[in-house]
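Input: structures, listed below.
Okay, so subunit A shows up in both of these, paired with subunit B first and subunit C after.
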Partner chain A sequence: MIDSLYLAWRYIVFNRKKTITLITCISLITFLPFALKALLSESEHQLMSRAATTPLLVGAKGNSLDLVMNSLYFSKEEPDFITMKSADEIIDSGLALPIPLYTRFQAREYPIVGTSLDYFEFRHYKIEQGRAFAMLGECLIGADVASKLNLSIGDSILSSPENLFDLAGIYPLKMVITGVLEKTNSADDKAVFVDLKTAWVIQGLGHGHQDVKKMEEAGAIVNQSKNLVTASSKVKQYTEINTDNLESFHFHGDPSIYPLTAIITIPQDDKSATILRGRYLSDQQDQQIVRPKEVIEDLLGNIFRIKDFIDGVVLVVAIAMILAVMLVFSLSLRLRQKEINTIFHLGCSRATVVQLIAAEILIIVLASGILCYLSLLVLQHYQENIVHTLFIS
Partner chain B sequence: MINIDSLSFSYGRDGFQLSIPQLTINETEKIAIIGPSGSGKTSLLKLISGILLPQKGSISINNVIINQFSDAERRDYRISNVGFIFQDFELLEYLDTQDNILHPYRITRALTLNPEVRTRANNLAKEMGIQSKMKSLTNTLSQGEKQRTAICRAMLPKPKLILADEATGNLDPNNKTRILDALFRSTDKQKATLIAVTHDHELLGRFDRVIDFKDYCLLDAA
Partner chain C sequence: MIRSTFYSLRKLLLVSGVILASGNSRAEEAAALNIVTVNYPLKFFAESITKGSATVNLPMPVDIDPAFWSPKADDVSALQKADVVLLNGANYAKWLPKVSLSLFKMVNTSSQFSDQFIPIESAMKHNHGVGGEHSHTGNAFTTWLDFSLAEQQATAIFKALSKKTPNLSASYVTNFIPLQESLLAIDAELTQIGSSLKGKPLLGSHPVYQYLKKRYQLNLQSVHWEPEDAPSKEQWETLKKILKKHPAKWMLWEGKPAPETVTKLEALGVKSIVFTPCANKPEKGDFLSVMKMNTENLKAIVNEK
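And now, the complex of A and B:
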């Protein structure tokens, strides 16, 4: 057998281009169904594990999938806003604990998640380094953000302006990193967490500036009445919050109408959940309450229906490929008839010729298997990101 | 001793018919076969080696009729006793010279590839003047070098019967003499019988006997 393998190896090396093409084709057709299965399994895991641990989600009426994807995976599909009043109503009902989320902004392409400290307790997260945000302008970053951007405690990160050419728009806020979350293998690894108020400051609902009264002599006041002071552009607005200017930060308007993208709602018990869900059934209600698990199950149902179709296509392609490979081998045998005759003429048996060809097939199949396995290892390394890009981002 | 009796063979096409009423070849005899193309010279070599089977008659070697052997027996007989130098060399293009020479040892259990065989292969190659080409693929060899490689492959298992189909056909005069000398030397050394098909009438004087297939008459070497 070793001699057969040696001769087969020499033949394969001599016909390396043909062999490489053959190996690539076989590997590819073997790789495809495994890759598809691995990606779907990973997507199911990523989507479902998070959805299953989030009991209820309140958001604006509209596409429930967008609401879930944005709230659980911080996808870029932004649902309509609800207000802080909705969270207050849930607290007042005594049926559930609300965890508000505001995910409109980004910092260096990573989502900024405005929330409360309850979020980390709800997800059972530990802070690997430092501490959670405590003051306005502080942030806690996910493990991937820290490693990819090479950031650690004491560094700062700027929020990204929504539109570079909008001079009157939202200005970037420099946020100080107070902690890094442990690796969670979820969307939280790729997020920058801030207090809701910090998110509202980024939006401009809250701001800090020099004391206008102290700038009166410098001509900073344009107009002044009993209740209203109009200042000129001489008054400096702060783009960074620190202990020196913290006192100057303030919010305008009624905080109950400040925006949220969703509220994670943790009911006291099943009964509370049912009562709460009932309150959002009215047609007049401009909000919806969803079970993320049900929404993701619907999504996965569609994905798996597509997967069944793709499996069918792959099967047909695989059959065609196997037939093509058989044709290649049979044509190759015909082309090698002279060589086979030589081997017979020298005194070799048919069994040895079969053994020689079997050795070639074995090497090709083995090489294809190894290539397929290595490709699957590479896929396994990147599948989390691929799934995130394909199904979440 | 090879004895051919009432042999009749045809390919069943083109009206080709080979008929040999009686032919005896003695041990260690060196026979040259001449004749026009298509007269059946190569077919006779293939019949003697057991590659082809006659429709009628018999071929016996040392009183054993080989055309009554089974396929497997004929293969074993061929690989153990016959060294065949094919007209178009029949070398494998994906093997280098060394592997082509050693090829019979890799395709049958009847022969064992060991260091002694490798040394003998190197010596044979040296004798044939192709030692420097041992690691060259056969498609990079000249016709003469391919010829010598084919001769080495046939001689290596020390066969008792050497069948050479135009063994010197592609060689220049110098190499022709050198190769024939080597072939005769090896034949003598192994006390083997040599049956060589040739068109080269200059060489006929070196054989013990010449068989002319034109009319199947036996000619004296002298």
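And now, the complex of A and C:
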């Protein structure tokens, strides 16, 4: 048997191109269904684990999938805004506790998630280094943000402008990192968390600037009447918040109309959840309440229908490929007729020839299996990112 | 009589409501709540209701006005560890928009009467950059000087704590009733004083008496003086102008005024009395004793021949 394997090995090495082609084809057709299954089960895990632990989500009426994907996975699809008043109404109802979210801005390609401290308690997260944000302008970063950007507590990160060509737009805010979250294997690893009020400062709803009265001599006041002071652009607006300028930061208007993208809603019990859901059923209501689990199950249902179709296609291709491999071997036997005759002349039996061919097939299948296994290991290493890019981002 | 019947009925409903609520709620192990308040009146209400079953903290030093405290990050980290943060509302605690606290733990004690907030009218508006015209002022915030509102704030605390620790709600009821009665008694007494004053002109040394003025129908006009600082020449001139239109003979002070100021005021025919809002912990006594003292001081005006 060893002799047969040796001869088969020498034959395979001699016919490299044919062997490589065969190994690649067999590996690919074996890898595809396994890879598809692995990716889908990872996407199911990633999508469902957060959806199942988020009881209800309130957002603007519209595409519920966009709302869920933006709120749970911080995807770039931005739902319409609701206001802080909606969160106040949920508190006042006594039926549930709200965790507001405002996920509109980015910092170096990572989403900035404006929320309250309750988010971390709700998700049962621990802070690996440092502390939670405490003051305006502070932020807490996910584990991947810290490792990929090589950031730690005490460093800072700038919010990105929404539009590079909007020269008159809002200033970027330099945020101080006060803590790094433990690795959670979720979208939170790739997020920059700030207090809602800091997110509103990024938007320009709150700001800090030099004392207008002190700038009077420098010509900063354009017009002044009894009740109104109009200042010019000479008044410097601060782009970072520190202990020296914190006092100057203030918000304009009624905070209850400040924007949110969604509210994670934690009902007191099932009865409260039902009553609360009933309040969003009216046609006049411009908000919707969804169960993220149901939305994600719908999405996964569609994905699995596509998977079933792809599985069918892969099966047909696999059958075609097995036939092609069989054809390759039968043609190969014809081409090797002289070689086989020489083997007979040397006194070998028909069984020896079969043994030689079987050894060749065994080596090719084994090599394909190893290649497929290695490819699956590589896929396993990157599947979290692949799923995040393909299905979530 | 009608008012007293109304309050008795309200008390009965409240007590029965809490007993029903506690009967329905799951009995939990008693854990000492860590309560933080933004001013002394709320601390006093919380302490009176919990009577030692919770730790109640007022985080700022005693010598500063809690409304204008500037907490550092370490102070805020300590606040974040509290189980309950009692807020006054009405734009009190100017530091609140600059810090991060749990929404679940904050209890706004004035949310039930936000329609009764008194807006500050003389707010300077300004305009610069994006955002258009705006001003940085909002509502008057010494809400507890209207004792009917103070009673509502105490009720809000009582309800929030009963919800948080339902197993202690029966003892909270027992503790809350005397507090409620004391607040309503002061309210009734001040109402009586207000009607006895019959619109007599009064001065306030600082714009903190808006709710007192509204509730008890005081004919009061405020200047912007500090008890420990000697008023400037301009401030005296402003006062003289006010006195021409508003011939007040008494000025209410937040704290004991400087003797020179008192003498100068007396030369203008204005006597001084202390009516302290007691926003921070008093040197002597507690919230109720200070307010009773304030009430006695006001009676001096009524008793003036």
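Here, the second predicted complex is superposed on the first by the 393 of 393 C-alpha atoms of A that agree within 3 Å, B and C clash if a C-alpha of one lies under 4 Å from a C-alpha of the other, contacts with A are read in each partner's own complex, and residues count from 1 in each chain.
Definition applied: a contact is a pair of C-beta atoms (placed from the backbone, for glycine too) under 8 Å apart; a residue touches a chain by one contact, two chains touch by 3 or more.
This is a predicted model, so every value here is computed, not measured.
Of the two partners subunit B and subunit C, it is C that touches the larger number of subunit A residues.
Using the contact criterion defined above for the overlaid structures, shared-chain residue A:M135 touches subunit C, although it does not reach subunit B. Looking at the shared chain after the overlay, A:I343 reaches subunit B, while subunit C stays out of its contact range. In the superposition on chain A, A:I386 makes contact with neither subunit B nor subunit C.
Of the two partner chains, subunit B is the only one touched by A:R10; subunit C is not. Once the two complexes are overlaid on the shared chain, A:L158 sits clear of subunit B and of subunit C alike. Using the contact criterion defined above for the overlaid structures, shared-chain residue A:T352 touches subunit B, although it does not reach subunit C. Here subunit B touches subunit A in the complex through residues 49, 51, 72, 75-76, 78-80, 82, 84, 86, 90, 92-95, 99, 103-108, 110, 113, 137, going by the rule given at the top. Subunit A meets subunit B in the complex at residues 3-4, 6-7, 10-11, 13-15, 338-339, 341-349, 352, 356. For subunit A in complex with subunit C, the touching residues are 87, 91-92, 97-100, 116-118, 121, 131-136, 138, 170, 178, 195, 197, 204-207, 209, 212, 227-233, 235, 237, 243, 246-247, 249-253, 255.
Those residues of subunit C that touch subunit A in the shared complex are 70, 72-73, 76-77, 80, 97-104, 111, 122-134, 136.
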